[in-house]
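What follows is a pair of complexes built around chain A, which joins chain B in one and chain C in the other.
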Partner chain A sequence: MRLASGGRVDRAKPLSFVFDGKRYTGFQGDTVASALLANGVHLVGRSFKYHRPRGIMAAGAGEPNALFGIGRDEAHYTPNLTASQVMLYDGLVAESQNRSPSLERDTGSLIDRLWRFFPAGFYYKTFMWPRKAWTKLFEPRIREMAGLGRAPKAPDAARYGQIYAHCETLVIGAGPAGIAAALRAAAAGGRVILCDEQAEFGGSLLAENVAKIDGLPASDWLALSVAELQRLNVKMLPRSVAFGYFPHNMVGIAQDLTDYLGEPDTGIRGRLWQVRAGEVVVATGALERPMVFPDNDRPGIMLADSARVFVERYGVKPGTRAVVFTAHDEAYRAALALHEAGVEIAVIADLREAPAGGWVDKARAAGLLVRPGTVVTETSGHLRVTGVTLSTGEVVSCDLVLMSGGFTPSVHLFSQSRGKLKFDEALQIFVPGEPAEATRAVGAAAGAQTLAAALGEGYTVADLPDSGGGFLGAVPHGRDPATVRAFVDFQNDVTAKDLKLAMLEGFRSIEHVKRYTTTGMATDQGKTSNMNALGIVSEALGVPIPAIGTTTFRMPYTPIPFGLFAGYARGELFDPVRETPIHSWAKERGAVFEDVGQWKRARYFPNGDEDMNAAVTRECKAVRAGCGIFDASTLGKIEIVGPDAAEFLNRMYVNTWTKLKPGKLRYGVLLREDGFVLDDGVVGRMAEDRFHVTTTTGGAPRVLAMMEDYLQTEWPELKVWLTSTTEQWAVIAVQGPKAREILQHLVEGADISNAAFPHMSVAECKVAGVPARLFRVSFTGELGFEVNVPADHGRAVWEAIFASGGTTPYGTETMHVLRAEKGYIIVGQETDGTATPDDVGLSWAIGKTKPDYVGKRALARASMAAQDDRKQLVGVLTEDPGIVLEEGAHLVADPNQPVPMKMLGHITSSYWSGTLDRSIALAMVRKGRSRIGESFTVPLPDRNVKVTLTEPVFFDPEGVRINA
Partner chain B sequence: MPDSVNLSNPPRSGDLRARAAAPMARFSLRGPESFAAEGVTALRLGPDEFLLLLPEGETPALAVPEPYSLVDISHRQIGIVLEGPAAADMLNAGCPLDLDERAFPVGMATRTLFMKADIVLWRVAEQKFHIEVWRSFAPYVWSLLEVIGLEYT
Partner chain C sequence: MLLIDCPYCGKRPEIEFSYGGEAHIARAPKDATDKEWTAFLYQRGNARGEHAERWRHVRGCGKFFNAVRNTVTDHFLTTYKAGEKRP
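And then the complex of A and B:
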């Protein structure tokens, strides 16, 4: 019911919303929860396991029951939102969860009748027989029933932003303690950021009708303070949840920007802040605990302070006749507030024998009935509470129960920062202890018990009585425990009985108890259950609470939409898409592209309706018969300059470089310290002190980093410097018997005849009028060149060469086939990080007289020499030339041996060779070289394929064509 | 008499790596993060690394004691200038550095990240930043800035 006046809602701004298909009205400033209560709606959910009817328990983040799916359509749908945290907007559409067909009539409630068969961990002991029923019956049904809420059926239409921010002080929580801390920090100078999960700053002050701060009503003090924060340029972030604390004072904050406006399709829905702060002040307040008593979960049973907040902040009367059950003084304040709002307070049952203090006195003075040393032993009602039974024997009718077990400081973020918690024996709460980061807690989060303590020095608080008390654990009820369920974790349906069962089963560690019972594991992360669970475990084991400890607090504090973490990295912007200067030409030509790391590379150029095989076969033949043109721009390139350049290369690569003359190329092999091949590439000596080094496309950053590492840490005395030039040069490969003929007339300033420019030469000249580095090098085994021109000119030079006629554009697939026909390895394909140069037939590249190079020592290890069955590079030909083997397939000697078979090696590369009109493959096989000529079998799922091992070269083994 | 370096390609930007030595006439190796002299701007990216920016077609005339490495990387990267009151905030959408003027003053330049791209970031003026990014990452950076910019119109 809505009160005629009072609260911070704006009664002049009515809002219309729909819940489970029914239309209701609320006001600007309502949450979905307060609006529902104002309309007399208490039944909001069915519990996770037992499908018990549940109502709204809390006014804020601790709410475990009222989880709704909210959104006007699938593209704007978010499940599992807490009704007491969602601000109402006009047109909001919400649906309850976990019920079928409706909240009032839910077929799942059958489980509640059979609750004795579904204790905690029941699934560890059931569903084992019959085995066949698992896939057909048990698993599908359990999947249907497990989980809470449903995933949206359309992609998230919202956009999200991100920002990194820096400040000297980040204050998390804008209640009285947070506001005071922010004012102090701002006055001291430095950048201050203040965030709060709620739409308005103020925290507990938003429902503070009694206290005076510095002589002002709390709401006035709040308004003035917010204005002052603004004046001091404090960056204020309302609707912003600090959800995670990361190393070195980085805090993640999820800021809502448009949800509260009904998520219009303009602008970003929210922003992820990653804040690096000099100091973090945790002012996250405290959350009220429920009391654990039998059937404490009926709709209409709510936290006492939350009930007061509904009255004083939202102007809502949550019931007509209330029973209060408490162990803390604040419930008396709540009882008075409800009493003043016209709710009949039937009785205040207090667990404590002799409650006393300002609020207790006021309640008694107002004529409210107080029963000390009394507990609630039973409740009645199905879709709404109808009454309670007290330990005195009295049965009291009511439609509202207020419960308060005390307040738990919200230490989640402090704990996430790896700060240690300490247990305050007197107050029976965990409070922040020794911090691990530059952080401190203030206010209720730090254990402050009064508003004055929360504000700290410099403020005076008047008219507010002190308040204390609290209880941890299950309330003694004197009934037969076998018949009773008292709920501890409402969201996961964990009862006191379940926790005791865990201990009967032998679990002692709180981490085990948590996982066995699932207490504290729901989306509310135990906000209202962790401490009571600890109390129950402590009593059952006879171990004091601080000795048991707490479970690990994990982010996020409250659920965060995935979209926030994705941020801008969606769709086209998920990853950089790297294109070469020639890409546009290939695209216009209809090339099919493949991803190589972040690069797009043309894989093949189909003519007409050619499939890949047809296109590749045609391209291969065209290269070997005439000339092909290929974009090799993605190759890594490093310019190595300095008087010690050759010495540096000698130390890094296996080869000897000192005698390589300027104008010459050499194929370099790079190992890791452990002697295994890491990368390879052709290196050109441009001058005495200047090398143009190439690497594999994927290896470029790795190789440069390794080289820089050695230069900076091992050989800082060497006078040599490295510059990445991968993107400085476009690289156009021109390959085939006609390559020289085609290029010749475009080259100025260099004689590229075979005599003047033999294989493995380099010259600086002009190609198509553009200054170039012309390499005579081949990865196809044909006469070949690689034209390096500055990237801006890449496409123009490509087009000039192509316009000469007689060239066929080919892609990476053809490139792979042609090099395999010649037995040229690809690092990362033939090698897998465990191949030595000898394994892949590259011993010839090693400079035998070099005193040292990276990996030399590892190769000389006795254990390396002792291995006589290392995998070696060989060629593989199938008996049936039409069969193309799968890469990764294994070779065995006898396909009829029992499984697991002895595997002798695996296929590293496998293609259809248009040149040879049959399949070819390369493989790494144990003792491969000594097995050339022998037959083996490749067992595949559907058949066994017979193969013979050969030399790893299938075409022009003498290398005649490359030297043309 | 200044040393000059002959390159086959007239550079627009060059990567200069030189060992720290005694301060010299023009480019001090222990100077501020960026400095300009005779049409050439040098951004100091590391103890022995400078990024030189100069007009197209020109060759830097260096008075740097040998040995050093001078490599033309004019075609390797693309410059993007971001100017306006929201410039720093827009950069902070993808760059984790503190861009407050006290932490990143005018003239400072550094390698850093912008989402998944490596960039060189140089503050030219209070509200003006110059980004250098490798050419294949430039479309990504540009598109990102466009999307981020929607929040600041």
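And then the complex of A and C:
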């Protein structure tokens, strides 16, 4: 119920919202939780495992129960949002989770009646057999029941931003301690960033109606301080959760920019801040703990200080008649606040034998009934609490129970920074100890027990009594433990009994206990439960808490939308797309493209409604009979220059480069230091001190990085410079018996006759008026040229060559078939990182007399030299010429042997050859070269295929055409 | 994200760098025994604590350099140019 006055909500601004299909009204400044309580709604969720009715328990990030799916449609839907953290806006649509068909009548709650059969580790113990039932029956059913919330059904329509920021001081948390720290840092100079998860700065001061700071009411001091921070140019980030603490003082902050406006798509939804700070001040406050007593989870049972916040900050009365169960003085303060708001306080049961102190005295003075040394042993009610039984035997009716087990410092971020925690024996809490980074914890996060301590020196606090107390673990209730459930982790339905069972079953490490019982897991990560769980484990094992330690705190502090991490990297911007200078021509021509790394490459150029096979067969025949034109611009290219360039290449490649004359090309093979083929490519010597190196399309960055590594760290004395030129050159391959005839009239400054310009020559000349490096080279087995021109002229030169007539454009698929017909390998297709040059028939390339090169020593190892059992490159012909084998299929000697069969090798490339009018394949086969002519079987799922091993060159083995 | 002090450019975020494995592993001579060669190719210290390692400022100056990093805390003790002795 809404109080007539009080709180920070704006009663002049009513907001309409929908929860589970029903319309309600709240005010500007409400959270969804406070607005629901103002409408008398306590039942907001069903628990994870037992489907027990649950209510709003906390006013902040600790809330374990009130998790909603929020969003007006699927494209703006976010699951598992905490009702006490979502600010209300007009038109907000929320739905509860984990219930069917409704919160009031949930069919899943049948499990609650069978709770005794669902102990900790139930799933580990139960679904062991029959094995086959697991995939068909158990897993699908469990998956249906598991998990909180549901994923949205439509892609996220929101946009997200990302930003880097740097500052001398980052203060996390704008409560009193954070504000005081930010004021000090700003006064000292330097850039200061202050962030807080809430819409309004102030933290606990937003519900501070008693204390005076420096003689001012707390809210006035807050307003003045925020204005002062503004004047000092402190960067202030409200609605910004510092969710992760990363090495070297980088903090991740998730900022909500428009969610709270309720007007999606008006701007970016949120922004990911990556802040690098000189010093990080952790002022993250403390979270109140529940009391662990039987049936402590009914709707209407909430944390005492949260209840006070609902009254004093939101002007909401969460009930009419309350019982308080506490071990901490703050609950007395809450009782007084509710009493003043008109809530009847039936009784305050205090676990402690002799509660004393300012708030206790005030409560007694106000006439509130206090029962020391008393516990709540039972509660009643189904969808709302209706009463409690005290250990005195009294049965008290109520519609609200306030509980307080004391406060746990929020050490999450400090701990994420790898700072050590220490246990404060007097306060029974973990507080930040030795930091690992330039990190300082202040205020309640550091264990400060009073407002004065949180603010630090320079401030005076008046009128606020001190408070203290606290309890860890399950309260003694004297009932048969087998018949009661006292919840420790509300979000995961873990009871004190579950934890004790884990002890009985031999679990000792708190990390194991966590995983076995699931305590401290899920979206709240044990914010309210971890310390009570520790208390129970400590008592059960008779081991002090510091000897048990805590579980690891991991990011994120609260759930963060994935979209925030993706940022702009979605859709077209997910990954860069690389297009060649000729891409637009191919696109206009109707080419079908394929992805090769980040490159888009034309795969084939269909005529009309040709399919790929028809197009490729036509393109292949056109190249072999006349001339084809192919865009090879994606080839990696490195310009290697310097007086020691040839020596450098000698050391890198297996080949010898010293004797290669300027104007000549050579096919180079590059190994890794372990002797296996890494890359290959044609290298042209442009001058004594200048080489034009090509690499595979995918290998260019890897090759350049490896060359730089050797040059910088092994042979820094060599005078060589390496430059990536991949994107500087467009490469146009002109291939086929008519290639020279077509190209000749476009070439100026070079004689490209066969006599003057034989295979493996290179010349600098002009092609179509553009300065070019003209290669006489072939990856097709035909007379061929590769025209390298500056990328900007690529399309113009391509069009000039094409306009000569008689050329057929072809794509990568045809390129693959043509090279396979000639037995040319593709590194990464025939090789797999375990092939030596000899394995793939390239030992001819090795400069045998060279003193050294990368991989030479490895090739000398016995296992590399022994050729009798290594896989070797061979050709494969099927008995039935119409069958095209699957790439990756295996070869076996006898298809009738038992499974698993002895595999002799595998198919690496397999195509239909239109030229040969039959299928062809390449394979890596054990002792393959000595088995040429023998027959084998390739077992496929539906049939066995008979094959014969052949030489890997299927077409023009004499190489007549290439030298034409 | 680590903050790495490139000896040529100064402090830059980790995304500008690529990791290069353990530092100060000399390429074994070509007459090395199989055992020595295997050690050079495959065997690494895997230190818990201070670890000399190679980095390259690949999206910056492109230079390889060495660093001593504590593998437990991720704190860098120092960075220095390739070819220099480990401080």
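Rule of thumb we're sticking to: the second predicted complex is superposed on the first by the 949 of 964 C-alpha atoms of A that agree within 3 Å, B and C clash if a C-alpha of one lies under 4 Å from a C-alpha of the other, contacts with A are read in each partner's own complex, and residues count from 1 in each chain.
Note that contacts are C-beta pairs under 8 Å (C-beta built on N, C-alpha and C of every residue); 3 or more make two chains touch, one makes a residue touch a chain.
Here the structure is a predicted model, which is why all the values come from computation and not from measurement.
Colleague: More residues of chain A in touch with chain C or with chain B?
Modeller: B
Colleague: Where does A:D20 make contact in the superposed view: on chain B (first), on chain C (second), on both, or on neither?
Modeller: neither
Colleague: With both complexes overlaid on chain A, does A:E228 touch chain B (first), chain C (second), both or neither?
Modeller: neither
Colleague: With the two complexes superposed on chain A, say which partner A:E610 touches: chain B (first), chain C (second), both, or neither.
Modeller: In the superposition, A:E610 contacts neither chain B nor chain C.
Colleague: Does chain B (first) or chain C (second) touch A:E673, or do both, or does neither?
Modeller: So A:E673 only meets chain C here.
Colleague: Could you say whether A:H248 touches chain B, chain C, both of them, or neither, answering first, second, both or neither?
Modeller: A:H248: touches chain C, not chain B.
Colleague: Is A:Q274 in contact with chain B, with chain C, with both, or with neither (first, second, both, neither)?
Modeller: A:Q274 contacts both chain B and chain C.
Colleague: Looking at chain A, which of its residues have contacts with both chain B and chain C?
Modeller: The answer is residues 274, 276 of chain A.
Colleague: Which positions of chain C touch chain A when the two form their complex?
Modeller: Those residues of chain C that touch chain A are 1-3, 13, 18, 20, 27-28, 30, 32, 34, 37, 41, 54, 56, 58, 62-64, 73-75, 82-83.
Colleague: Give every residue of chain B touching chain A within the complex, in rising order.
Modeller: Those residues of chain B that touch chain A are 8-9, 15, 17-19, 48-49, 67-77, 89, 92-98, 100, 103, 115-117, 134-137, 139-140, 143-144, 147-148, 151.
Colleague: Within their complex, state which residues of chain A touch chain B.
Modeller: These residues of chain A touch chain B: 161-166, 191, 267-268, 274, 276, 568-569, 572-573, 575-581, 599, 639, 641-643, 689, 719-729, 764, 771, 790-792.
Colleague: Considering the complex alone, what residue numbers of chain A touch chain C?
Modeller: Contact set of chain A toward chain C: 246-250, 274, 276, 418, 436, 673-674, 705, 708-709, 712-714, 716, 851-852, 856-858, 861-862.
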